[in-house]
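Shown below is the structure under consideration.
In this document, chain identifiers A, B, C, D and E correspond to the written order of the chains, with residue numbering beginning at 1 in each.
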Amino acid sequence: MKELQDLAAKLLAEKTVGLVIGWEQGPRGARPAFVADPKDAGRLIFDNRCVHNLAAYLSPRRPHLRGFGRIAVAVKGCDVRAVAGLVRESQLKREDVVLLGVRCGGVHDEPTDAGPLTAENLADRCVGCEVREPPRCDHVLGELPPAPPSRDGRRAGRIAELDALDHAARFAFWRQELSRCVRCNACRQVCPLCTCERCLADKTDPPWIESSPHTRANFAWHATRALHLAGRCVDCGECERACPAGIPLNLIGRKVAAVVERRFGYRTTDDPQVPAPIGAWKPDDGQEFIR
Amino acid sequence: MSGPASTRRSTLAAEIRQRTGLNPARCYQCGKCSAGCPMAQETRLRPHDILRLVQRGRRDRLFADDSIWLCLTCETCSARCPNEVGPARIIDALRELALESGEGEPPRAIRAFHESFLKQIRRHGRIFEFGMIAGFKLRSGKLFADVAKMPATMKRGKLALSPRRIAGVDDVRRIFDACSAAARKEVQP
Amino acid sequence: MSRIGVFVCHCGENIGRTVDAAEVARASGNLPGVAHATDYKYMCSDPGQALIKQAVAEKKLDGVVVAACSPHMHEKTFRRATAGAGVNPFLCEMANIREHCSWIHENRPAATAKAIDITRSIVEKLKRNAPLEPIRIPVERRALVIGGGIAGIQAALDIADGGREVVLVEKGPSIGGHMSQLSETFPTLDCSQCILTPRMVEVYQHPRIKLLAYSEVEAVEGYIGNFNVTIRRKARGLDETKCNGCGQCQASCPQKKIPSEFDAGLGKRTAIYVPFPQAVPNIPVIDSGHCARWKGIVKGLKKFACGKCIEACGRGAITFDLEDKIVTEKVGAVVVATGFQLYEIGRDHEADGLKGYGEYGYGRIPDVIDGLQFERLASASGPTAGKLQRPSDGKEPRTIVFLQCVGSRDPAKGIEYCSKICCMYVAKHTMLYRHKVHDGRAVVFYMDIRAGGKGYEEFVRRAIEEDGAEYVRGRVSRLERDGDVVRVQGFDTLSGEPVTIDADLVVLATAMRSQPGIEALAQKLSVSYDRHGFINEAHPKLRPVETNTAGIYVAGACQAPRDIPDSVAMASAAASKVLGLFSNAELEREPNVARVDEATCAGCFHCRRVCAYGAVERKEIRDKKGNLVKVVASVNRGVCQGCGTCQATCPGKSVELEGFTDPQIYAAINAFQG
Amino acid sequence: MSEATTSTETTAGTFEPRIQAFVCNWCTYTGADLAGTSRIPMAPNVRIIRLPCTGRIDTLFILKAFERGADGVIVSGCHPNDCHYAAGNFHARRRFAVFRELIDFLGLDPDRITFSWVSASEGKKWSEIVNDTTERIRRMGPFSAYRGLAGRTP
Amino acid sequence: MRLGYFPGCSLHATARECEESLRAIAAPLGVELVELDDWACCGATSAHATNHLLSVALPARTLALAEQQGFDTVLAPCAACYARLASARHELARDRSALERVAAILERPFTNAVKVVSIAELLRDLTPRIREQARRPLGGARVAAYYGCLLVRPTEVSGFDDAEQPSSMETVITAAGGTPVEWRRKVDCCGAGFSLSRTGSVIRLGRAILEDAKKAGAEAIAVGCPMCHSNLDLRQKAMSRTMPEPLGLPILYLSQVVGLGLGLEPSSLGLGRHFVGTGRFVEKATAPPAPAAKSDEPRKEVA
């Protein structure tokens, strides 16, 4: 942690960067921190409560961070995929940011959770983590922690359960879940890859997505959002964490990711050079569903 | 395409394809297999003939003589086949088919060899060569062939005389039973 | 749009029989925004069209819907009529109530209800139509031809003779291509060089052809009518303007043992060389890989071992200027004619996904050669001056065995297609051989004889019947060197016998492949190519010399294996396409192209990835002070073909395809289902 | 809109589904024209919207059609390698593949949608697509489950 | 290097010299050979000519044993065993359902994770070590490398060398100090599968091979297959019956050639067990180097 603080202070003092985005202790657990003054670098922390994917702050939709020049941002191994996504889609120039990779042995579900990680409280995306050592970073900090506790993925299990149901039962489940959506757009706001200047859902001519938050509109909205994230979603789970209604949005993202992997052999990667699967094609892509 | 055309297709070719994953229809009769086949001068049907008869569904002619049994499985045909037809594996499959359905029989000597060989494995788990030669001779009727070589072979310490059974011989027998049961099942429609 | 006219056609009985056209007109007349609705027996007839013009004038209509046949039938007719009435033609739409309704339904009420639905949906769509103007693109009436083989030469001459300028780019030091290496040509046995070299000279002397030999296309930007081409002129090491082609330098060069590319490795050449005596341009190049001085300069040496050619040149032309030069040309059309290469069947083709033929010993057995090498052996201009002498010992071969389909029709080795020319040139080879060695034996191993072409079958029969070529139907398993013969182990599938022949020479008819590097060129040109690297034509039947990129054409063996007549025919076809394009100074196109809303575009460039035409460009948006605000997508209207894939892909819907915009489609769906 | 045929309108008491088709201009639209020229009778339930290419067909169209009352949807275009625009159908195929599995996961029966390749020469195939889809949707009944989601959640 | 060792039936009997020489060269080459416990026969030609499933299941049992006994690589010095093991491995790697089916028959855990190597592949990969340990130039003895069928075919199964112009054995022979000869029949079939059942064919095929090697100037033939060995060795007399004089071409296992090159005692390599006498060859190979040759200096790779 000292290493992170010292490096942040040094980068700020040398004016290598104008801002360091990291995590700090807030009133209720860890929270994102924005440090522009080297003197404040001591606020920075990293531990297993630092769940936030700070790459979201690199999106060009955050113009208020523009005036700082180069930005250093602390990223866990998994967060690098989001940075790669932004670079891949011309939303960010890699040289405009300094990546402070933090070695990570898994995080909690919520930034307010505390204590050692157990199989029970480990965030689902950390199960079977392969990027404890953050790839493609400018600096890599901390000791390599042990692998997170092993267990089965809860969401994978939940998806399998849902898959086993018939349409009516699945429909009932999602109708129930999606009926709670109030279209507060927290999912969209927190998503590092939702980078549209003007969201389709805010477009009124034509109003493809109905604006009132009834269940039908919510189906269309979340289905369309998932499709737009197909092959792009980095599975950070921030949408689900941010959702005030507690809708299991990550289930949809994971399901789509599984479809994309099975069909196109593609998994979201931290290599910005690897093109995403939607927007590409192969002559022998599966078409068993087409007559 | 549907209708009569599809039902007229050679079921033999389809069966071979199902067994081997190889498509006999790919053979365009270039003859490269036969040109390189070491046994071509001894067989009536050469590899490309065999492929043609498979395409035409002529089980009668395929199983009528020794040809398929004289393949050494040296794989030269498959290695050089321009169209990746895989004649060697297809001939293997034809031999299996002949045995399972009883339509064809290997020449006595070859059958005797295979039978004593497999019997040895089933009995001991391994081949014990003296026993095998003895069994072969009884089955093939070639009683005196090679007898002259036996003493020389033994003198060189090359024939293990006492069969030794492996510990897992039951394992091996179970494998044999399961595989021949599976083969029997395949003959039935 | 608030004053729409709806015109319902009976199409005689065609529509009227099952659809109540009057009822459709009545129902449509009640639609909001419809100011006029009527029905008529034949809308497409002159009186029918007059009806539209009259109604537009009288009712001040601002949009027209014709409910009649398929737009594929009469959309142009009615748009012209609408334009004639003074309304933008793109404010006319057709409702297809014939092919999609009256002709396929029997039940009159149901068909009528459906026709009303269709018409209503089109009316609602039309309300969101915008007036469009056709796109006019200025055309630079000069052409670029890439490749100086027979196809490129033919295309360049045809275009130039048609009155337009041509830039002809050839990668090698001379034009002429593979054809210049051939001895005689099938099916007439006329001498290849005799028919080719006059054409080469014609290119050189043509006032409208700019020949850039020893040059390569570096980059291509732009679109139909407006390509900017960057060309690398590779350093020849001498001043072309001073050289008069006297050949003294070549005679003086001490490096004389370099395998000649022109002679397919069977002859030798010097380090400074003209590839063959009739080369065009007749200017030498210095081979950087073999010239001692060149290598010295590259290494930065101060003193050089050799300067013989400099001394020999009476004109001071040899400068050893090693800098490539970059030139740019602006052209309106491109003809790709890069030709082919032969499959070299040695073993090392892993990189190309080809396996090679270990069993044929090519490269190990000196008397196993390929067809092009045989051409050089048979050619009067070849290394043996046309005397047939085999490579190993110079002996005249008494038995030659020819193998067809080596590499071709052989998926196991990586190529499944037929190379098309081999059957013919092997027959030719047997003839050439038998004409030179009357008692020699020519044996051909073949799988099928494919001699479709004028005079082709007759030619092959002549080789067999008159010239005594022995044809054996079967592939050869293996070639082995045994003493001074090559043992050919084959099988005659027709007689069912193994065939073993001891040959003095074996000639392999190896497959035709696309040129190395064609993929990179195709990508520069944004034209598509198949998995073998052959350029794809836009349509195999109807657009055989166009590519999927407008303004880029294809000719010759870079599109598929082709013989000389085919290549020349394609070249002339491509030239006529180019001349057609150049017949007007401006190009007019339908305006159904994509348009980006720069205000909302986030610059993610998903659209650019899906565009098959390279029509999406990056555009920088700057504020008044010139600071970069953002980079957005921008559609080049000259290049866009209007498929709309970009729009469906754009997550924020910041692209609209004119004529099929989201508001139009939305309105159409709403009208159907609402 | 009084003239509108609606799915509640019945012929002899049977349910008449409303089906929205989105087709490409070059293959399927022309194939449907051919079906007409060949006078191949088919169910009158399908309403075609013409688009230049399947590449233009947005999944939003499909959702919107269901929302506005369609009981079934047909999406059709050129066979692979036949696309007038080289690759629009390949892009569309990936898009639809994901979309189909996604809505399936959300509990919407993907059998509500027929995806097909119908070339300009396959007028007969188009009629089969139309008839089969109509029959299938008729068996499945009105898609009020989705349409009705706008009301209060039960 | 620790290898699971699958001798196969013949290395305990007719091919004893192969086993002996292998064990002799293992230590100097830094290889530990551990015989698989309770291995069974691979089924050889007989299984796969009659029952495909059996021809996969028998080798699969051996591969499963190797897996359980903690090996990641199995050496099958007999080319026939190698071909059966490698074919089974290849087939099961491509076909998941077949793997499950076979695992069920075996009634033991099996993931098909063990690699199979032939004697030629193993020794080729050990070439640097052979060169380093070579003590004898073999008197420049000219050796024809004979691959036969099963070391190089089917190509997709073996794949460690070119099917038509393989070179791994030549590389090994050169490293051991021998001189490989160029000849034509190195991948031809000797017919050994019919050694007992159709002797006439075998004699015809074997004779062509021996003649060609002789013609190319070979003083011995190196093999990697006990079937080829017994065929060319045991039946050589019969094969040369129609010739003016016996061929007298000793047939050596590649491991024996390497053993001689490493300077091991000929008797430890089983060289006395051959039908065709190896004496003259051994004599030449073990003769003290001529004074001019500096045998201590590392030789240059010729191949």
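We take it that a contact is a pair of C-beta atoms (placed from the backbone, for glycine too) under 8 Å apart; a residue touches a chain by one contact, two chains touch by 3 or more.
Quick caveat: nothing in here was measured; it's all calculated off a predicted structure.
In terms of the stated touch criterion, the partners common to subunit C and subunit E are B, listed by label. The minimum number of touch steps linking subunit B to subunit C comes to 1. Geometrically, the chain at the heart of the complex, using CA-atom means, is C. Of all the chains, the one whose CA centre sits at the greatest distance from that of subunit B is A. Of all the chains, the one whose CA centre sits at the greatest distance from that of subunit D is E. With each centre defined as the average position of its C-alpha atoms, the distance from subunit A to subunit D rounds to 35 Å. Per-chain CA centroids place subunit D at a distance of 65 Å from subunit E. Chain geometry summary: the mean Cα position of subunit A and that of subunit B are 59 Å apart. Shared contact sites, meaning residues of subunit D that touch two or more other chains, fall at 64, 87, 91, 95. Multi-chain contact residues of subunit E (touching two or more other chains): 163-164. Annotation for subunit A: residues 200, 208, 278-280 touch two or more other chains. By the definition given earlier, chain contacts exist for A-C, A-D, B-C, B-E, C-D, C-E.
Those residues of subunit D that touch subunit C in the shared complex are 1, 3-5, 11, 18, 20, 29-30, 32-37, 39-42, 44, 47-53, 55-58, 61, 64-65, 68-70, 84-88, 91-92, 95, 127.
Listing the residues of subunit C that touch subunit D in their complex gives 27, 70-72, 96, 98-101, 103-107, 110-111, 113-114, 116-118, 120-121, 528, 548, 592, 610, 612, 641-645, 647-649, 657, 660, 662, 665-666, 668-670, 672-674.
The touching residues of subunit B, when paired with subunit E in their complex, are 19, 38-39, 42, 69-70, 72-76, 78-79, 88, 92-93, 95-96, 99, 106-107, 109-110, 112-115, 117-118, 120-121, 125-129, 133, 136, 140, 145-146, 149, 152-153, 156-160, 166-169, 171-172, 174-176, 178-180, 182-183. Listing the residues of subunit A that touch subunit D in their complex gives 159, 162-163, 167-176, 179, 200, 208-210, 214-217, 219-220, 222-224, 226-227, 230, 252, 255-256, 259-260, 263-264, 277-283, 285-287, 289-291. Taken in their complex, subunit C has these residues touching subunit B: 359, 405, 409-413, 447, 473-478, 489-493, 496, 498-499.
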